[in-house]
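Each of the two complexes below includes chain A, the first together with chain B, the second together with chain C.
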Partner chain A sequence: MSLWVDKYRPKDLSKLDYHKDQAQRLKNMVQQGDFPHLLVYGPSGAGKKTRIMCLLKELYGNGVDRLRMDTMTFESASKRKFDISTISSNYHIEVNPSDAGIYDRTVVMDLVKTTAQTHQIDPTGQKEFKVVLLTNVDELTKDAQHALRRTMEKYVGTCRLILSTNSTSRVLPAIRSRCLGIRVPAPTIEEIKTILTKVAKKEGHDLPNELAERIATTSERNLRRALLMLETCRVEQIPYTPDQKVTEPDWQLYIKGIAALMVKEQSPSKLLELRSRFYELLTHRIPSDLIFKGMLQEINKKCDLQLKIQVANLAAEYEHRMHQGSKEIFHLEAFAAKFMSLYKKFMDASMADFM
Partner chain B sequence: MFGDQFRERILELNASDERGIQVVRDKIKSFAQLTVSSYKADGTKCPPFKLIILDEADSMTDAAQSALRRTMEKETKNTRFCLICNYVSRIIDPLTSRCTKFRFKPLGEEKIIERLEYICQQEDLKAEKCVLKAVNDAAGGDLRRAITCLQSVTRLKGKGIEVYLEDVIEVTGFVPRKWLDDLIQVCETKNYNEVEAYVDKFMLEGYSASQVVDQLNDILIFSNQLTDKQKAVIGEKLAECSYRLLEGGSEYVQFMDLCCGIITAFEIC
Partner chain C sequence: MPPCRGRTAVSALHKPIKDLREENRHKAVHSCIRNRYNTKNRNITKVKLCLVKRTMKSWLQSSFDLDGFDDAPKKPKLSQNGSSKNLEATIEDFDVKVCIKKKPTNNLTSLLNICAPQKPVDLAVSRQKQQEINRWFQEKIKRGQPNILVISGPSGCGKTEALKVLAKQNNYDVIEWTTPMDQGIDENNRTVSQVEKFEDFIVRATRYNSVLSDCSRRLLLVKDLPHSYTSGKDDFTVLLHKYCQYGREPLVFIATESGSSKLMTTLFSQSNRDRFSMEFININAVTPTALKNVMKRVSSILNNKASQMLQVTQNKIDEVLSNSIGDVRSALLNLIFSSLKVSKKFTSECSSREETLGLLHGIGRVINPKKTTTSDGKSWRFVHNPDDLASCFQTQANTFISFVHENYLNTIGLNMNGATAAIDAISMADIFNAEWRDLNMHKVALSHCVRGVMLANDKPVSQWNPVKKPNRTDLQGQKDYAAAEIEWYKNYITPKMKYPEISAEDLELLSESIIEEIGDDW
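For the complex of A and B:
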C-alpha cells in the first residue's frame, strides 16, 4: 500500500491538474525531440518532481517507470571514499548531490562524466541523450556549481541536465543562463481543494467542503503536505466531518512553543530552557532556516510595528551569520537572547510611559 | 592570414584550460620561442609570426599575468599576443601598456532589435517591436542572452508562432511589474501583517528574491514618488539584502527584512 501522495501522482503531462498551459508547452518542447538543460524552480510541494517525471515519461515512454536504487561510491580528491544513493532507470539517473556535503563537486563531475561518456548504441529506437536529474541544486557549494557549468557545456551532446531547486537566488547566474528556467508556482487554495476532493472521492470517502478548505489553508499551499494531512485525518477519523481537527506538523507546533516562551518571560533561566529546545529541533534535523522563519512569523504576531521591524532586521542579520558560520545553535541562541533584551527594554520603556 | 597553416601558428587558451603560472612558464613560453618562416609551404608569403590568443584573460591570476610580461617582450619578433577580456581593469598595467587596445562598445538597443528582427524573419516568428524591446531589457544589452531567450520561447511554444510579452517574462524568470508595484504599495501602508501576507504569497509564486532586488533597484532610481533620502535608505537595504542572499541567506527572512527596510523608508519623509 502506498501513500496517497504517490498513488495519485499524475503520471502523464496531459493528466496534470493545474498549470495546464505550462504542461502543453513542455509537451511541445518534447515533441521537437530535443531540449536544452532545464532548471525547474518553485516552492516545495508545488509539483516540480511530478512535472519532471511526466516530462521524462513523455520523452522515453514507460521505461522510466522501472526504477532501481543503487549506491555509487565516489572518491574525493583526498582519497576519502563515500557512498551516494541514486535512483535510476535505463534513461535517467537521479541524485541529490548535497548528500555528499563538501565533496559534492566530485559527485557532480564524476556522475555527469560517467553518464555522458556512454553513448547509445542504437540511436534509432531511443533518444541520443540521457538525463541526469540533480535535486536541491541550491544547496550545492559554489565550487560544485562552477564545476557543473563546464561539464554542462562539454557533454551537451550525450546528456541533458535537469536541475530542481526551491529558489534561484543561490544558483549561479552562469548556470541560470545556460538553462531554460521553468517556474512552478504553488497551486492555489482552490486547486488544492479540488484535488483533495478528487482524491477522497477515489478512495470512496466524502470530503466536506469546510474540512478541505481548512486542510488547504493549514498546508500553506503545499500540495504534498495537504495530501498527507488528508491521509492523517482519515487515520484519525472516518468518515470525515466538517469540524474535524487538522493536525499540524509537530515541529511547527514546537517552534510556536519556543516563540511563545520567548515572548512570555525574558530571563537567563528561560534562555537555558530555550537552548535545550533548539537542540531538540536540530537533532531532529529540522533545517535551521525553517526555524528562523517560524520564529519570525510567530514572534511578530505578538509585537508592535516598531518592534516587528527590528525583529525582522535581527532575524535577517543572525540568519545570514548562521550561513557563514558552522554551528547553528550559536546563532539561534544569539537571536533569542537579543530578542529577549530588545523586548524587555521595549516593555520597560512603554511601562515607564504609562506610569 | 595564415591560410592552411592556421593550426600550427595559433595557440588558443581560454578560462576552462589550466592557466596558472606554471602553464605560462612552460606551454606559452615554449610555444612563443619557436621561430617560423615568412613563407608558406607553397612558397607564398605569410606573416612571420605566431599568434597566442588568451580568451577571458581577466580571470588569469596576477602572478600568471606578470609571468607573461617578459615572454611578451622578448618574443615580439615572432609571436603576437591577443588578450580578450571583459574588464580591462583586471589586466595588470604592465600588460595593458604593451598592447594596443580595442574597445568593443555594448551594442545599442536598435542594433540588437534589428538583429532580433532578422532572426525572427528567418525563423518564421512573429513578434511585436515592444516584445523585442522587452527581450533586450531582460538580457541587459547582451545579444547572446537575447537570442537564447528567443530560442527558448520557440522551443516551448513550437515554430511559426507569435511571441508575446508574457512568454518572454516567463522564460527569463523576470518578476512581472505588477508584483513590484504591489510590493511598494503594500509597504506604503506600513502595515506589517499585510506585508507578511504579501511576502508569503510572493514566495509561493516561486519567483526568486534576488531577481526582485535587481529589478527593484531599477524602479527605485527612476521613481518620482520617493525623496532622495528615502531612496538612499532603500538602496542601502537592497545592497545588504542582495549580498546576504548571495551568501546563502534564506529568501523569506531576507525578503521580509527588505520590506521592513522599505517601511522604515516610508516613515521618514
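For the complex of A and C:
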C-alpha cells in the first residue's frame, strides 16, 4: 500500500492542480524536444519533484516511470570508498549528492561524467541526451559546485542537469546563470484545501471544511506534509470530525523543548543533555539547518530585543560554520553553549541591576 | 653448546658493530646511541691496537683480560689475571701500565653484561612474579616430559633476565634459540629453511649433553619465533604437537607483547593453551621503585668497572628515571649514553624511548589538563605539552576530536564559560578538518582542538569518568527533509514499527508556555 502522497501524485503536466499556467509553459518548452539545464527552486513540499517528473514524462514517455534503485560506489581523492544510492530509469538518474558529505565533489564529477560519456548510437528514435537530477543542491560544498559548473559546460551535448533546491542563495551565481530558473511557489491554503478534499473524496471519506482548513494551516503550506497529516488523521479517527487532532511532526515539539531547556538552566550538565537531544534529532535525519531555525524561532520568543540581535548573530555564525565543516553536532552544541553563556551573563547582569 | 655470541675480546674489538647488533636484538635500540658509541669505541680500538703493536705481545693476553670481564663474578681470576699482566707489563712504559690496570671495559656488550643481574634480589621483576616462575620450575616440570611456559610483558621489563637468573638458581642450563641471519645449508648441500631449523632445535636440542655445562638439566628458550609462524604460513599448533610428542625438556617462550596483542591471540590462543596446557605468566612494566634500585646497583658497578669511560652521577640517574616508562633496557642504555665521558659537551637529546600514548590515555590528558607553576611562581605551563599530545594522534585526528568532543564535558564541572570556549575550539577544529586541499590541515585542527580544550578547562573536576565512544551520526543515510518527513508519517500511518515518541518525562521538561502554544495550534 503506497502512501497517499505517492498514490495521488499527478503524473502528467496537464493534471497538475495548481500553477497551471506554469505547467503549460513547461509543456511548451519541451515540445521542441530539448531544454536547457534547469534550476528548480521553491519551498519544501511545493511540488518541485512532481513537476520535474512530469516534465521528464512529457519528454521521454512512459519509460521514466520504470524506476530502479541502485547503489553506486565512488572513490574519493584520498582513496576512500563510499556508496551513494541512486534512483534511475533508462533516461535519467536521480542522486542526492550531499549524502557524500565532504566528498560530494567526487560524486558530482564522476556521476555526470559516467552518464554523459555514453552517446546514443541512433539518435533518431530517442533523445540525444540523458538527464541527471540532483536534489538538495544548496547542500553541496563550494568545491562541488565549482566542479559542477565545469562539467555542466563540458558535457552539454549528451547530458542535461536538473537541479532542485529549496533556496538559490547558497547556489553559486555561476551555476544560477547557466540554468533556467524555475520557481515553484508553495500552494495557497485554498489550493491545499481543494486538493485535500479531492483526495479524501477519492478515498471515499468526507472531509469537513474546518479540518481541511486546520490541516492546511498547520502544514505551513507544505502540500506533502498536509497530505501525510490527512492520512495520519484517517488512521487515528474515521470518519473525520471537524475538531479532530492534527498530528504535527514531533521533532518540532522536540526542538521547542530544546530551546526551552536552554532558557531554563545554563550549565554544562544541561549542555550534555542537549547534546543527546541533538543526536536524537540527527539520527532521525532531521536537517540541521532546520534545527537551527527552530531553535532560533523559539529562543527569540523569550529574549528581549538587545539579546535577539546577538543570538541571531550567533546562530548565523554557527550555521555557517556547520556548512563549512562536516560534523553538525559540534556546531549545534557550540551554538547551544554560546547562547547559554550569553543568556546567563545577561540574566546575571539584569539581576544585579534589579538588586 | 648453545648458540651464543662470540665473546672473545678480539671479535669484540674488531667487530663492535656486529657485536652490538647481536646484543641489541630487541628493536628498542637507539641508533644514536649506537653511532655515538661506535665512534667512541673505534677510537679506543685504535688505541688498543697501537698498544698491541707497541708491546709486541700477542693479543691473546688482552683477550683473556676482557674475558675475565665478561664473567663478572669470577673476581679472583680477574685479579690474578691483572697481577700476572702487571708482571708482564713492567717493562712497558707507564701509560700502558695504567691502561692495563684500569682494565678498560670499552664495549657495550661487555658493559651490559657486567650490569646483568646475578642474583634474584637484583631483578627488576616483582617478587611475586619471581615466585610464580620459581613455582613453575619446582612444581610443574616433570623430568623428561614436555612443558611449556609463556612469559609475556612489555619490552624491557626484565623477562629474559628474570628467567635466566631463576633458571640458574634452579640448576637449569638455558639453551636459547637465535633465528639465523642467513640461509643454512645442510650436509647434503640442501638449503634449510628457518622453520626446519627451528623444528630441529625444538625437538633435538636437548638430546645431547653439553661438554661445557655443569648444570644437570636443560631448558629451551625461544624469544623470537621464525617469521612464518607469526604470519600464519606455517602451523604453530603442529609444531607444538610435535614438541609435546618428542620433547624432553621444558620450553619457554618469551613474548614482548601485552595480553591482547596479535601474537598472544593467534599463536598462544586459548585453544592452544588448553590443548598443550601452557603456563602463562604476565610481567608488568617495571615500577619506578624497582627501576631506582636497579639503577643504584648498576651505577656502582659501572663506576667501578668502567670508570675510565663512564661517570655515572646521581643527577644523570634522576634524569633517566624521570623519563623512563618502565623499561629497564632503555633506561640502562640511556644512562650509559648520557654518562659517557666525551670531550665535547653533549646535551642528552634522546632522553627516553618515545612514549606511545593510548587513545584513552591521550583523551584523559586533554580533558584533565595538569598544570605546574614555573619556578618564579608567576606563570604556569602544562605538565603534558599539548603539541606532544597532538603529535601522538596525527594519524587519527578525526577520531580524536570526536572523542574529545564526546568527553570534554565530564571534567568541566560547573564552568559554563569554559565549556563554551572548549566547544568553540572543537567547532573551529572541525572547519579546519574539512579543508581537504591541504594535507596538513588535520594537524592544525588537532592542535587547535587540544589546546583549546586544555586551556578552556582551568579547574578540571576529577572524578571517575569513563571515556565514552562518540555517536556515529555520519553513517546515517541522507539528510533529506522530505525523506525524513515521509518516513516519520509513514511510521505513524503504518504502525508496525514504533517510532520513539516523546516520553512523558520529556514532555514534563517543556515549560508551561510551550505546551500552551501547542494547545493553541491544535
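The rule is short, and it goes like this: the second predicted complex is superposed on the first by the 271 of 355 C-alpha atoms of A that agree within 3 Å, B and C clash if a C-alpha of one lies under 4 Å from a C-alpha of the other, contacts with A are read in each partner's own complex, and residues count from 1 in each chain.
Note that in this section a residue touches a chain if its C-beta (ideal position, glycine included) is under 8 Å from a C-beta of that chain, and two chains touch if they have at least 3 such contacts.
Just so it is clear, the structure is predicted and the values come from calculations on it, not from any experiment.
In the superposed pair of complexes, A:157 makes contact with neither chain B nor chain C. Touched residues of chain A, counted separately for chain B and chain C, are more numerous for C.
Once the two complexes are overlaid on the shared chain, A:239 sits clear of chain B and of chain C alike. Touch criterion met: A:324 reaches chain B and chain C at once. Using the contact criterion defined above for the overlaid structures, shared-chain residue A:184 touches chain B, although it does not reach chain C. Using the contact criterion defined above for the overlaid structures, shared-chain residue A:313 touches chain B, although it does not reach chain C.
In the superposed model, A:61 lies in contact with neither chain B nor chain C. Residue contacts after overlaying the shared chain place A:41 against chain B, while chain C stays out of touching range. Touching of chain A by both chain B and chain C, each in its own complex, is seen for residues 324. Across the interface of their complex, chain B is touched by residues 25-26, 28-29, 31-32, 35-36, 41-43, 46, 150, 167-170, 176-177, 180-181, 183-186, 220-221, 289, 292-293, 296-297, 300, 305, 308-309, 312-313, 315-316, 319-320, 323-324 of chain A.
On chain B, the positions that touch chain A within their shared complex are 16, 145, 148, 152, 155-158, 170-173, 190-192, 196, 200, 203-211, 241, 244-254, 256-257, 259-261, 263-264.
In the complex of the two chains, the chain A residues touching chain C come out as 1, 3, 5, 44-45, 49, 77-78, 85, 96, 98-99, 101-102, 135-136, 139, 218, 224-225, 228-229, 231-232, 235, 245-251, 253-254, 256-257, 260-261, 263-264, 266-269, 271-272, 275, 279, 282-288, 290, 298, 318, 321, 324-331, 333-334, 337-338, 340-341, 344.
For chain C in complex with chain A, the residues that touch the partner chain are 402, 405, 409, 412-417, 419-420, 423-424, 426-428, 430-431, 433-434, 436, 471, 473-474, 476-490, 492-495, 501-502, 506, 509-511, 514, 518, 521-522.
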